[in-house]
C-alpha cells in the first residue's frame, strides 16, 4: 500500500493535517479495520431525529436531522382553480433551497448547482411514489382545489442531502392538517376560524373538521457509497467528496422499489452490490418508520 | 402525473374571515391599562431562546427565537475574499439576509426588505476588530425561518452571537431592540400586527458593556423628549438582552466538555 | 396624421428644414475629467468623460492604444411613461455600442496606449433624436477633457413624412413610423462616420434626406465650435493671461 | 473611491479641529445652494439642486391608482433614487445599485414616516380622491448627476423643491354613486398646488474625530467615523433619523447631535424656502 | 500561578489599562483606559517575565477555539502545488502550522523565493510539479489574490510528491527524488526531513 | 405470449439505430445519434486550458451543457447535465490532461422517449470522434416494465408514459479482449456487467428491477456491436 512508504512524512505530521492533505489515504486506513473516521461501522447510519410542527405559520412542517445534516420542510396550502383536464385534483409544487447558511460552498449570488438536481429528484420521487392522492386535495370539483407548496430548506449540509430532504418531506406531509374552509358569497374560499365554527355560517363549511391526509406507501431512502468492495451507508459530506460513486435506493413502506438512482461514478455497480444496498435500505426503512411513528405519537399526545 | 411543469397557476391564500372595512382593530385604544394581544405589558420583551453552534459546516452559528420570530445565522471565515476585490489591509465584512418562502403569511413578502443586508452590515461593522484578519473576509449569512415582527433586531443580536461563536475578535457583543409608537405609548419588541399599525418606529443596536450605539433608525414623527425616553428604554433592554446572550455563550463552556 | 400643414409648418411650429433650438453647457460635473450638457429642443443629455486612466480589468487592456468604453443610460423620468428603465436592455446596449464606435473612430487612441477612456451618457429628457444628442454631448465632454481627437463628431437626424424631408425629428415625428436617417460626420475632414437608417426610402429621396442631415450636422458643428472658443476665452480670462 | 494620502487625511482632520475646513468653510456652514425648478417639462413637478459640486435632479409624476386595501383613505408615495455613472465611474453597470437602494430607503424613512403614514412629511390623505377606489400615486424619482458628498440632504432638498413645483390637475368625479370604477376627468387648466411646509429637511452631521461638520464633501466623508442624518420639519419635530458609518457612538453624543441638528434645521429650511421661492420667480419670467 | 478560571465573553472588562497589559484575546481601549475581552474563553493572567522593564502582568483569554487558522507573515504552511509557470508556482495553502484551514487560501512561490542560492538560475519546472505537497514560509500578505510564500530554507520545499508512475517518491538529495516503483529520478526542490 | 407494441416490434427488439460522426466542422468532435424518432446531436470542445472555480486542477474536468429542443434550461435539464457529467467522468481517463476543461454540448433534436440513453450514446460517440482518451465506451439503454410484468426494451414516448415504470441503464460496452480466457473477470462477474448509471421512474418491485438489469445487459451487447462497427 503506497501510504506505508510515506509513513516517515505522516508520522511527524498531525492527524488533522494528514486528513486534510491525503483524505483518501486517511479514509482507506480506517476502512481496513472496517470503521469510519466518526466511529461508525460501514453499514450504520447516523442518528436521526424528527421534530414535527417546527414552523407555526405553515399548515404542515417538520425539522429532521441525520447526524449534522439538517432539513426544514414546510407545506403551505393555497387555493387554486384546478386545470381542465383534471378538475377534481389538487397539485403539489415541490422546491428545494440551499441557502448560503448551509455550507461554505454556497455564495449568496451563486446558488449551489446541486439544488435544482435535488429538487427534480425529490419531485419525481414524491409524485411517482403516489404517497399523496391528489384527489384528496380537491375542494369544489372544477372550481377550487388545494395547491400544496412544499418548500424544503437545507439548514446544514453534511452529506446524504437527498435522504434527509425526503424524510423531512414525508414527515411534513404526515403533520399536515387541512384547515376548515367554506365558500363565501364572492366565490372565494375563506378560513372558518375555529371559535365561531358553530356561529352563523353563510355557507356550510366545505370540509367539516381539520383533517389529516390519508398517506399510504411512505417512501424512505438510503444513500450508499461504493468504494473498491466496501459499501458505506449514509456518507458524510467529506466521504461524498472523496469517494464519488453514490447509489440512492428509495423503498416505500410496502417495500416496493420507488427509485434506484446511480448517477455515474468511477466504480461500476455489480448486481451483488445492488442487492446489498437494497438490503441495507430495508433495514434502514424499519428504523425510520419507528422514528417517524414515535414523532407522530408524541405529537398527538401534546 | 408529473408535477406541473409550466407556470404554476395563480393561487391565493384563504385569509381569515375579517369583516370588511374595519378601521383599526379597537385593541389599540390610548388608555393606559390596555394590554397587548400576547399579554405582555408595554415595556416587556418577548422571551428570548438563544443557542449557538447549530450549523456544523459553518465556522460559527447561532439560532434565535423571540416569540414567533425565528432566525438562523451562520458565519464563514475569515476566508479568501472574492477575486474581484481590491487589496485591503483591513478585514472585510460581507452580510446577506434572506427569508424563507413560508416566513411571512403571504408567500411573496420576504423580498421587500432588501436593505436588511446593508443595515446588518452597518450594525456589526463597529463591533468587529477588522485589523485582526487582514485581507480576508468574514461572511455573515442570515436566514429568517419565521417572521413574527421586529425581525431586524433579532437578526442583529443572533449574528453577533454567531460571530462570537466563530471566534472572531469583537470589541463587544451587539444587542438590538426596536420600539413602536402606538398612539401615546411606546411598545417594545413589537409583533407583526403591532408593527402594521405603528405610527413611528425606533430601532437601536448597541454594544451593551461599552455603552456605544452602532446603528439607529427612527421613522415617523417624534418629539425630542420622546426620543430620549425611547432611547433609555431601549438601552436598558439591550443591556438585559446582552446578559442573556453572555450566559448563552458561557453555558457550553462551563458545562463539562461533552 | 398631418405632420406638415398646408402652410408648410410642422406640429411644433418649425419649418421642415429648421433645427430645434440648441443649447449646451460645458463642465457641469466638477469631479469628471470632462463633462457637458447638450440640449436639442426638449431632448436633454448629460455626458461625462473619465480618463485616460488605468485599465480596470487587465484582460481588456490593449498595449498599443487606449480602450474606449461607453455606457448609455436613461433616467426613469426621461420619457412620458414611467416604466423602470433596466440598465442593460437591448436598446441601450446597442446605442452604447454605436456611440463607442463613433467616438473610437475620432479619438487618437494610439497616443494613450494601455489606458482606458470611459464615456458615460445619461439621458435626462428624451424627445426624439437622443442618439444624435448623445454623440454631440460626448464630443463636447471629450473636448472639455482635453482628449486629442482627429476632429469633432457632430450628429443629426432627418426624416421623410408627408413626402417632405424633415430635419431634426422630435418624439412625435420620430414615432410616426416614417424613415429616420441618423448621420454623424467629421465636419473639418468632411467624412461621414455614422450612417443609420431604418424603414424604406427610394434612392433619390434618401440622397436628399441624407444631405439635409449633413447640413444639420454642420450647423451643430458651428454651434459647438463657437461654444468651445467662448469657453476657452473664459478659461484664459479666468487665468488672467 | 477617493485616494487620499496620509498627509491629506491629517490636513482634513486638523482643519476640522480648528473649525476651518479645506474649502474655507466653518464647521456648520453650507456650500452655496442653487435650486432650479421645472427642469423636466414632462413631469408634474421637477427640480435640480446643487450643493456646491453635488448636483441631483428630482422629478415627481402623479398617476391615478388604487389605494392599498389596508389604508383605503390614503394615496401612495414611492421614492426611488438612481445613481448615474456620470457622477462616478464606480456607478457603472450595477455598481451604483447598492448606494441607490440605501438612499431610497433612507429617504422613505425620513419623508414618509411609519408604515401607517402618520407623521409623514406629505399628507397622504390629501392624495385620496374616492376612498377605497381611486387615489393619486406619486412616483418620486431622484437622479444623482454629480456626487461630491452629502447626497442625502441634496436629494431631500430636491424632493422638497420638486413637490412645491408639482401641479396636480383638479379632479371631478363624474359618476360618484356606482360601485366599481367611477370615471374621473382631469381638467388641465386649474391645478392645485402642493403645500410643502410640512415636508422636513434632512440635516446630516458627519463626525470626524471629536467634532461634527455639516454638508461634508466626499473627501471629508471618506474620513468620517460616523454620521447621523436627522430629518426635522418646520415645527421642530424629528420625522426620521438614520445613523450611518461604522464606529459606535455614545448615546449622549447622539442626543447632542440631535439637538445641534434641530437648531441648524431652522436655518436650512429658511434658506431652502427662499431658494425655492427665487427659483419659482425665475421660472415665471423665463417661460 | 493561575487565578481561578473565570469565563468572559467579548466586551467584558478584564482590568484597568494601568495595571495590566492586553494579551491574546484581549484589547486595550485608549479612550476608556480599560482592557476588554475580545473572545469568549477563560480569563488568565500571565506573570511578567522577571527581566522585562514593564512589570505589569499580561491578561489574556484562552480556551475557546479561536477562528480558523489564517496565514500570517512568518507562519509555516503546508500547501499543494496547483500550477507551475515560468516565473512562479501557485499553490493552495491547506494547513497553517499544524492546524488545517477550513477553506483553502491561494499562495504563490515566486522564482526568487525558491532557494537561497543563485536565485536567478532557478528552473521552476525542476523545483515543483502540480500535485506536490510543499512546506513553505509565508513571506508577506502578498497582493489581492495570493500570499507570497518562500521555500528558501533547507527544511522548506517539497515534502511529498507522486511520481509519473503514481508511486510516492522518496527524497535522495536536496534536488532529487526517486520513485520506488520505477526507480526513475525526478528533479524537485526537496525539503530536508527534520531529525 | 406476444405483446403487440404500437410499432409491431417484439419485446426486446430495439428501434432502428443510426450514428453519424463528424457532423460539425467547428467542433473538435461531434456525433449525431438517433434511436427511432429520438435524435440527439453531441459536440465536444476541448480539452481547453484552465479549470472552473472549484474543480480539481490535477484532473481533467468535464462541463456538460444540455440544450432542450424548446424553452429555457430548467431543473430537468440541470439533472440530465449532472447525470451525463458524472457518467462521462467515470469512463474517461482523467489524469492524462490535468488542469483542462472539456465541454460537451448536447442539443436535443427530437424527443420520442429514451432521451437520456440516446444522449449518453451520442456523447460517447462524440468523445471518440474528438480523440479524448477513454477507459472504455458506455452503452445506454432504456427498459420499461409493462403492467403484466413483461420488460419492453427501448420504448418510445407513448409507451414510456403509460408503462408502469421504466429505467435508464448505462453499461460499459463489451470488449473482445485479447486475453484467452474471455473478458476481464472482476470478482467473478464479467466486467461489463457493472452498471455505470441507473435512473428509475415509477414504482416497481426489486425483482422486476433485477429482471430489467439482465434484459438491459443482453440488449447492450447488440448495441456495443453496432457501436464498434459504426466507429471503425
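We just call them A, B, C, D, E and F in the order they show up, numbering each chain from 1.
Please note the rule applied: contacts are C-beta pairs under 8 Å (C-beta built on N, C-alpha and C of every residue); 3 or more make two chains touch, one makes a residue touch a chain.
Note that the coordinates shown come from a computational prediction; the quantities given were computed from them, not determined experimentally.
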- Message: Keeping to the contact definition above, tell me which chains border both chain C and chain E.
- Response: none
- Interchain centroid distance [CA atoms averaged], chain A/chain E, Å: 41
- Per the C-alpha centroid definition, the whole-Å distance linking chain A and chain F comes out as 28
- Task: Please report how many Å separate the Cα centroid of chain B from that of chain C, as a whole number.
- Result: 50
- Going through chain C residue by residue, note those that touch at least 2 other chains and give them in order. none
- What are the residue numbers in chain F that touch two or more other chains? 74, 76
- For chain B, write out the residues touching at least two other chains, lowest number first. 76, 79, 171, 207, 210
- Message: Going by the touch rule stated at the top, which chains touch which?
- Response: A-B, A-E, A-F, B-D, B-E, C-D, E-F
- chain B-facing residues of chain E, complex: 7, 9-13, 25, 27, 29, 32, 36, 38-42, 63-68, 70, 102-106, 141, 143-145
- Message: With touch defined as at the start, can you tell me which chain B residues reach chain E in the complex?
- Response: 59-60, 76-81, 83, 85-87, 89, 129, 132-136, 164-173, 207-210, 242, 245-246, 249-250, 253-254
- Query: Given the complex with chain A, which residues does chain B contribute to the contact?
  - Reply: 1-4, 8-17, 54-58, 61, 68, 70, 72-74, 76, 79, 96, 98, 100-105, 107, 139, 141-143, 145-146
- In the complex, chain F touches chain A at residues 54, 74-76, 78-79, 82-83, 85-90, 165, 167, 170, 172, 186-187, 189, 191, 193-206, 208-210, 213
- Considering the complex alone, what residue numbers of chain C touch chain D? 28-32, 35, 42, 46-48, 50, 71, 73, 75-77, 79-80, 82, 84, 87-88, 118, 120-122, 124-125
